[in-house]
């Protein structure tokens, strides 16, 4: 027995994305954001997308390209504070924005990835987060039903991958990537380094290849991945 | 049934096709490992936290930290990964297990499976069986065709507490390969040396037989 | 700044355990079972315990010592098939046993460890697992409310730890250890190796030290940790 | 308020005692990092996935993959660990964060905190703020005492959407340290050069003053 090879050319990896799809995108700020896959999705042109991403990056970077190109109908996120473009689109009603508490967004994605229907949490009880949510009592205390999120495609960034899709991440570039890797019908990963099977020690794997469908080795790292000079 | 068992295990192993992620349940199913074609590109999963199971090892060569869910010592392949129990069952419930092979006390003609509890006699607990039976994309059973007393394990309805309802797609026994179809049990193949009448007689519900010739294994 | 040191003598680490406490114990079979901490708990003598553990090990090994000593009132588990002693105690009514589907036990512990009240799952719908469980409809489909589990103490086994409690596990000895590390008021870890801070790479940590209270270096590995000859 | 701010940050940093796990919110709180006593045995947590934050780094020395939740480049210490967002908030919700320091738009005399939304003006989203405010074992606020227009941020009740109810234990401002007690705002310390009358005047709810002498910072 040997493990299957999942390396895939960029265009083929994202070719299945259709108008109206839900797309999860990894990253918290620059680290872990799949800058190159985002550009490929802009070039691909699918429209009416629901994007699930922690934040909207900064103007001219990362998911901002996808917002500016008008491909995003709805954004499920936690914070847009560093992207005035995104806030302007939201205020103008050009994209619909759903805010989630950050850890609850992570849990909802994880629930989708773990085949769980929802989690019950008291986070946000007594705040606007209650609005529109089903409430269940546990031991006499109200909890919000935080339903699972799944996506048609997840676009992720890894530091290192093997051909089966075992992944490792660097430092704080891990963030939402491992949980989104669990929660999509098709998981597409761009990787800075592609190594032979066996080069990632079995105890060192962050995301097991079982979750991954396509591994896309990056040829170069564009300037968008670099340290941001503020 | 030693050589019949080997033929059964080898036949069941052919159910594994390239690209699959497969979980082998405790008992006869884990013995399929030794029969999987050497070159095939597939991934075996064990619920105690590993993907990419390599060959079983005798105690003298074993790693004390590396077992499968049945407690057998196994090995790694290039590209194996270890993970915790939460992640392991996330794979199961979220549909990343293409095929699971499970043992059975009873299988019903509607695909119901009972394999974890004989009330008053044997209640070891369900382990990971309920989630595997309910959530793997395809569930097949590997079992003897009858119990030790000679009673059919394939029945019109289960009498024991269910593991999962309507989950079984195919059954591999020492006598036959049987599918669970819209009409109930459907004969697919016969074990070498077994007659159709003998198998029908050992099956506790109607066994539908196709009108084309039946292959043997 | 430097990270706090949590190395603790064995006796002191478990001294807080009281009669009636709930104790989570890592391990799936031999790998990852804290054999030495279990013996210490037998010597300590606390009674009327609720033990949460995947399995009951085998006769004369691991948690079986705690069952035989009569210290366990209730066992929350998934499978006792390899321990006839445990099944006999259960059948004689000397310990109360609650069976959970294995992945649901893991999720319930994780919910406790993640500060989530419960998860909603359709696992076991149509089986005995429904009994006594609250049901919530999600999109018109019934889901069981699987409530969070927490413990007073978790007893865990690591391959390697630093003084802050960053942990790594070996192979399939990981199993329930990382999730139990999240879910107890006091997390006590026995470790085969204790290394200096910085010797575990930050990307290689399996359980962050933030979750851990006491690190107990093992002086020797007893025969119970060895390969089982069957 | 440059030197007043430094004194404020240094005073807030003294809130961190050995053994604590501490999360510093975006804004003034993250600037506390530079004021934490060098030798103290404590662990700083950032919700984007790190425990054991080391000193901030200028861009020329930065690791492009290593930022805090505010996007500043930071470094590791011996014993630092990286983890994903799910694990990071598990720490928050399960009570492993001993102290969080947050910014504020408004704090009410009952400890209510509003710091994420000014309807119609500024709605960047709550990020991790709601969970930190609701679930950290101790929540303190670091803020200017008044807003840019000179209006009190400490009020009898919040007018903006809440981050969490009754969560704030203590407030560090450029003018004073104020506790939220059973009676409401209670003066703890005064900033050097500030008078009691001046602080009471800048506070939008009764400020209870102890009958012992007030220390300054």
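The chains carry the letters A, B, C and D, assigned in the order they are written, with residues numbered from 1 in each.
What we mean here is this: a residue touches a chain if its C-beta (ideal position, glycine included) is under 8 Å from a C-beta of that chain, and two chains touch if they have at least 3 such contacts.
Just so it is clear, the structure is predicted and the values come from calculations on it, not from any experiment.
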| item | value |
| --- | --- |
| Chains contacting each of chain A and chain B, listed by label | C |
| Chain at maximum distance from chain A, centres defined as averaged CA atoms | B |
| Euclidean distance of C-alpha centroids - chain B vs chain D, Å | 57 |
| Intercentroid distance (Cα basis), chain D paired with chain A, Å | 29 |
| Between chain C and chain A, distance of the C-alpha-averaged centres to the nearest whole Å | 32 |
| Multi-chain contact sites of chain A, meaning residues that touch two or more partners | 107, 114-116, 121-122, 169-171, 202-203 |
| Of all residues in chain B, the ones touching two or more other chains | 50, 82-83, 86, 89-90, 92-93, 135 |
| Chain contact graph, described as a line, ring, star, complete graph or other shape | other |
| Touching pairs among all chains present in the structure | A-B, A-C, A-D, B-C, C-D |
| Residues of chain D touching chain C in the complex | 18-19, 21, 36-45, 50-52, 54, 76-83, 86-87, 89-96, 135 |
| Chain C-facing residues of chain B, complex | 46-50, 59, 62-69, 71, 73, 82-86, 88-90, 92-93, 117, 123-131, 134-135, 161-165 |
| Complex contact set, residues of chain A against chain B | 1-5, 112-116, 162-164, 166, 182-183, 196-198, 200, 202-203, 205, 208-211 |
| Of chain C, residues touching chain B in the complex | 28-32, 54-55, 77-82, 87, 90, 97, 99, 101-104, 106-107, 110, 121-124, 126-129, 159, 169-179, 225-230 |
| Residues of chain A touching chain C in the complex | 107, 111, 114-122, 136, 138, 141, 143, 145, 147, 168-171, 202-204, 206 |
